[in-house]
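Each of the two complexes below includes chain A, the first together with chain B, the second together with chain C.
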Partner chain A sequence: MGVLVFTIFALAACGGALAVVLSQNVVRMAFWLIISLSSVAGLFFLLNADFVGATQLLIYVGGTVVLLIFGVMLTAQGPYTNLKTNPGEMVLALAVGGAVFAMLVAAFTGVDWDANSDQIERKFGSASTQVAGYNQQDEGSSVRRMGAALSGIRTESLRDGRNLKRPGYLLPFEIVSVHLLVVLVGASYLARAKRRVAPSQSSPAA
Partner chain B sequence: MDPVGLKHYLFVGAMLFVCGVVCMATKRNTIGMLMGVELVLNGANVNFVALSRHTPLGLDGQIASMFVIVLAAAEAAVALAIALNFYNNHLSIDVDRADDLRG
Partner chain C sequence: MTPSPADISFIQSAATWLVESLRTGLSASCTLPFVGDVYVVPTLGGVLVALGVLLRLTQWIWSRLSPGSPSNRAWRQPWGPMLLVILGVGCLAVFYGLRPASPASNEDLILLAVVSIHIGMLAAFFGLPAFAFIWAERKISGRIQDRLGPTHCGGRFGWLQSLADGIKLIQKEDLAPAAADRMLFRLAPYLVVIASFASFLILPFSDGWVAVALDCGLFIGMAVLSLEVLGVVLAGYSSGSKWSLFGGMRETAQMVSYEVPLGITAVIPVLICGTMNLNEIAHMQSGWFTNWLIFHSPFTFVAFFVFFTVTLASNKRAPFDLAEAESELVGGFHTEYSGMRWSFFFLAEYASMYFVSAIGSLLFLGGWWTGIAPLDSALHSMLEGYPGRVLGMLVLLSKAGLLVCVQIWIRWTLPRLRIDQVMTTCLKYLVPISCFLFIGSVIWPLFWLSVAGRPTMLPGQSIGNRVQVLSVDPTQVPVHSDHGHGDHHDHLDHRHPHGPSSHEAPGHTGQAPAVNPVQEVTLRGGR
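Now for the complex of A and B:
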């Protein structure tokens, strides 16, 4: 059952990403991007990361893609929805992309991922690898523990009962908050329509 | 033993990353390039969450992916504002025309 669900979500994610690359119409690209991002959210749920999956659905699919679609609507005029890529460039890019993909796969299949686990446990202490599941009655979801970690408190239970030797994330949380505020102010400043070249000076559409 | 292991998720992450890079490199539409950036960040997110599940690192990977999601939203907002500004000035969103700074 888990294998079947994983296969469906993984195929939808990879196929959506490939369709984003191969599609030439920007509206269809947005649609395939929604498919891909939603499937990635499903993969997050499969990985017991329920809060990250919900955030992915809310912020990515609900926020960022809507932002992109608004960008498409504000800039889409006849010729610009179908800007064709040169076929030669596309073939070259796919060849280079395939080479990069082969390199990545060769890299991560060559690593023995279990070998580092005991070193990490010795150095940092081992949080339970069972991150927050629906199957654990006493744990509930990962929301509470993530909220505590973001406010600087680590509450993960250790196997041997010691305190976790890893820090919380209060300072990165504050930095990201201020960063988001500054970025939104800057984006609303940039996006104001200021001037527009006269239609006589504008060059014809590509 | 779970038949779906870490490497399957890393495979999906690598696939998303490569698709995003190719999308960034080939699309002539500014919005299309932005979609490529989103795909790259999503590939990184898949790797973060998969490693937080399958290694003793625990919750750290999930928190890193939260930061990535927030920064991706901020980046999309700014890049879209720049794209709209470019469209207002040039009446085009073809990135090949953005050569005003060429020396």
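Now for the complex of A and C:
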């Protein structure tokens, strides 16, 4: 039964992605992007990865697409900006996209999925039996485990009583956050500088 | 056709379930499956069919009542309801085609009923606050302006005014301007309503009465609520009107920047409680009202007001309602809308007003607890806690309702800000203030720990201490696996060593959790 819901979400994600490529209007593209990205979030929820799904919604749908629309609204010359691609670009894009697609297909078919799932099952035990309609044991409980893993405590190793001491991901996290801070400061600096230059340029012209 | 034994046993078990759920509270016996569950499909089907039939019926009645009306034209097109019915029947057919023919299917059907009831209840909680607060807005604004507001509709006090509004709006013709991007123009209101409705999925209405009890409930709520802006922007852009475009742009700028202080102030209770699960955060605040997080430290006290201000802005309420500034932008993003599509925006606005107020009271104002420890304790030890849960729901509804009334009060009292003032308020004042409050509430317990030897200013055990006791002695952890939470009154006394919530052990103290957290996180609501 999960397959059915998966199919719906997967079709919506792929259809949305196709519509993004095929539509000419930038804001309609953004709309289809919303559909596609939200369906991916739905797929995450389907996998009980609630935190990742919520992050997908917050960052991609709520953040990136809003910024995209905002950018279009600020920069568009006329209403309903259309993108017109010339045939050369089309051919180039087809070549690159086709190559990536071929690589993905090759990677997908190159993996022995059955053997992999056997391995995973041997390592972590089989997936918990599903009781349809009730909250499963694992459902909606990924946050705390993720937080613990970030600071170096692995719950799956706790279960077997193995060694708990792991480095965790605090250092990469800090590096990323400092990077983000630098980007923010830089962005605000750029925005300020432009505004200060503008009056001095316009005043001699006037 | 005589009923088969399977049917009879189904009816029996359904009746048992109904009695059981009435006794223990609906969601306490089971929680709504998330999108991962297949029962969303038949439920959706049923809802769609019902909607389609209802719409078609309304159309038919309306076309009989006023054959010559110009707005009648809009009602002669049966395509919308037909599509709904076809989609719904399709969903049902798919579900029943794939249904396993096993004895377990009885349970499936019961679950179907449960899910339908849940969705119906959620829809009621989505619609009724909007219904009530639209009336309250008219009434309160009238009183503030020395008028009476609605007086006649529904007998006294004009209490059915919202229904009258709704009927008026349904009758209106559904217009789209010639310059509009039709597809986006028609879809934008749905985005807003869906985002607002979906956020109610994670909102606990009382102890355990929640559709989806997720560990990252607050996070999902914020994420989903932030999608509302997309609908507004698309509405503004696709209307083909400059007023709408300006409204949409202002709304985006405002929402994108106000999300920062909103996130930071919402993280402060998360920081204190060590969880993003709204049920657990509310449980942390059981006992006397001094346990409410607003009284936890001076920083959280200020943080509540910052949070409230920010929610005003994120709901585009006055004084931050730049997106729909009547004096300059006609109606802002909804200038070109009419009829039901217009009312969708307002339905969503009032529903999310209620949602953020409920979140605010869950995070800072003690959630569903009355703040009087003996009362809560008595009610939660009585009849498996059912009276306590009912009272809790009333308490939460009234807390959130009070906050909504304050929002209305502010709207009719304060003048609207300019857009640059709005942005200055956010970026220059609210963001630094909320960062300061965040750091302050991190330092506060450490400061008192070094000065007074305990992490709080007031005597009494702090949340952190309770959690520590839990993680040291895991045998004392009560596992909520049963329906009735008879041991609840234990948790209400805040000096009792048992934490109100049994799941904080790993994250909070940094020690190795002694028990497998996976086993523990069946929040009340597991079977």
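Keep in mind that, in the parts below, the second predicted complex is superposed on the first by the 141 of 206 C-alpha atoms of A that agree within 3 Å, B and C clash if a C-alpha of one lies under 4 Å from a C-alpha of the other, contacts with A are read in each partner's own complex, and residues count from 1 in each chain.
Throughout what follows, a contact is a pair of C-beta atoms (placed from the backbone, for glycine too) under 8 Å apart; a residue touches a chain by one contact, two chains touch by 3 or more.
Since the structure is predicted, the reported quantities are computational estimates derived from the model, not experimental observations.
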item: First (chain B), second (chain C), both or neither touched by A:51; value: both
item: Which superposed partner A:66 touches (first chain B, second chain C, both, neither); value: second
item: Partner chain(s) touched by A:74 [first = chain B, second = chain C, both, neither]; value: both
item: Which of chain B and chain C A:152 touches, first, second, both or neither; value: neither
item: Which superposed partner A:10 touches (first chain B, second chain C, both, neither); value: first
item: Greater chain A contact set [chain C / chain B]; value: B
item: Touched partner set for A:100, first chain B, second chain C, both or neither; value: first
item: Interface residues of chain A shared between complexes with chain B and chain C; value: 2, 30, 46-48, 51, 55, 63, 65, 67, 70, 72, 74, 80, 131-132, 142, 145
item: Chain C-facing residues of chain A, complex; value: 1-2, 4-5, 8-9, 25, 27-28, 30-31, 34, 42, 45-48, 50-51, 53-55, 57-58, 61-63, 65-67, 69-70, 72-74, 79-80, 131-135, 137-145, 147-148, 151, 153, 155, 158-159, 164
item: Contact footprint of chain B on chain A as seen in their complex; value: 2-3, 6, 10, 13-14, 17-18, 20-21, 26, 29-30, 33, 36-37, 40, 43-44, 46-49, 51-52, 55-56, 59-60, 63-65, 67-68, 70-72, 74-75, 80, 83-85, 89-90, 93-94, 96-98, 100-101, 104-105, 108-109, 113, 116-117, 120-121, 124, 126-129, 131-132, 142, 145-146, 149-150, 154, 156, 166, 169, 172, 176, 179-180, 183-184, 186-191, 193-197, 199, 202-203, 205-206
item: Footprint of chain A on chain C - complex, ascending; value: 30-31, 33-41, 94, 98, 107-108, 111, 114-115, 179, 181, 183-184, 187, 191, 212-217, 219-220, 222-224, 226-227, 229-230, 233-234, 237-238, 240, 245, 248-249, 252-253, 255-256, 259, 275-276, 503, 506-507, 510, 512-513, 516-519, 521-523, 525-527
item: Chain B - residues contacting chain A, complex; value: 2-4, 6-12, 14-23, 25-32, 34-36, 38-39, 42, 45-46, 49-50, 52-60, 62-63, 65-67, 69-78, 80-85, 87-94, 96-97
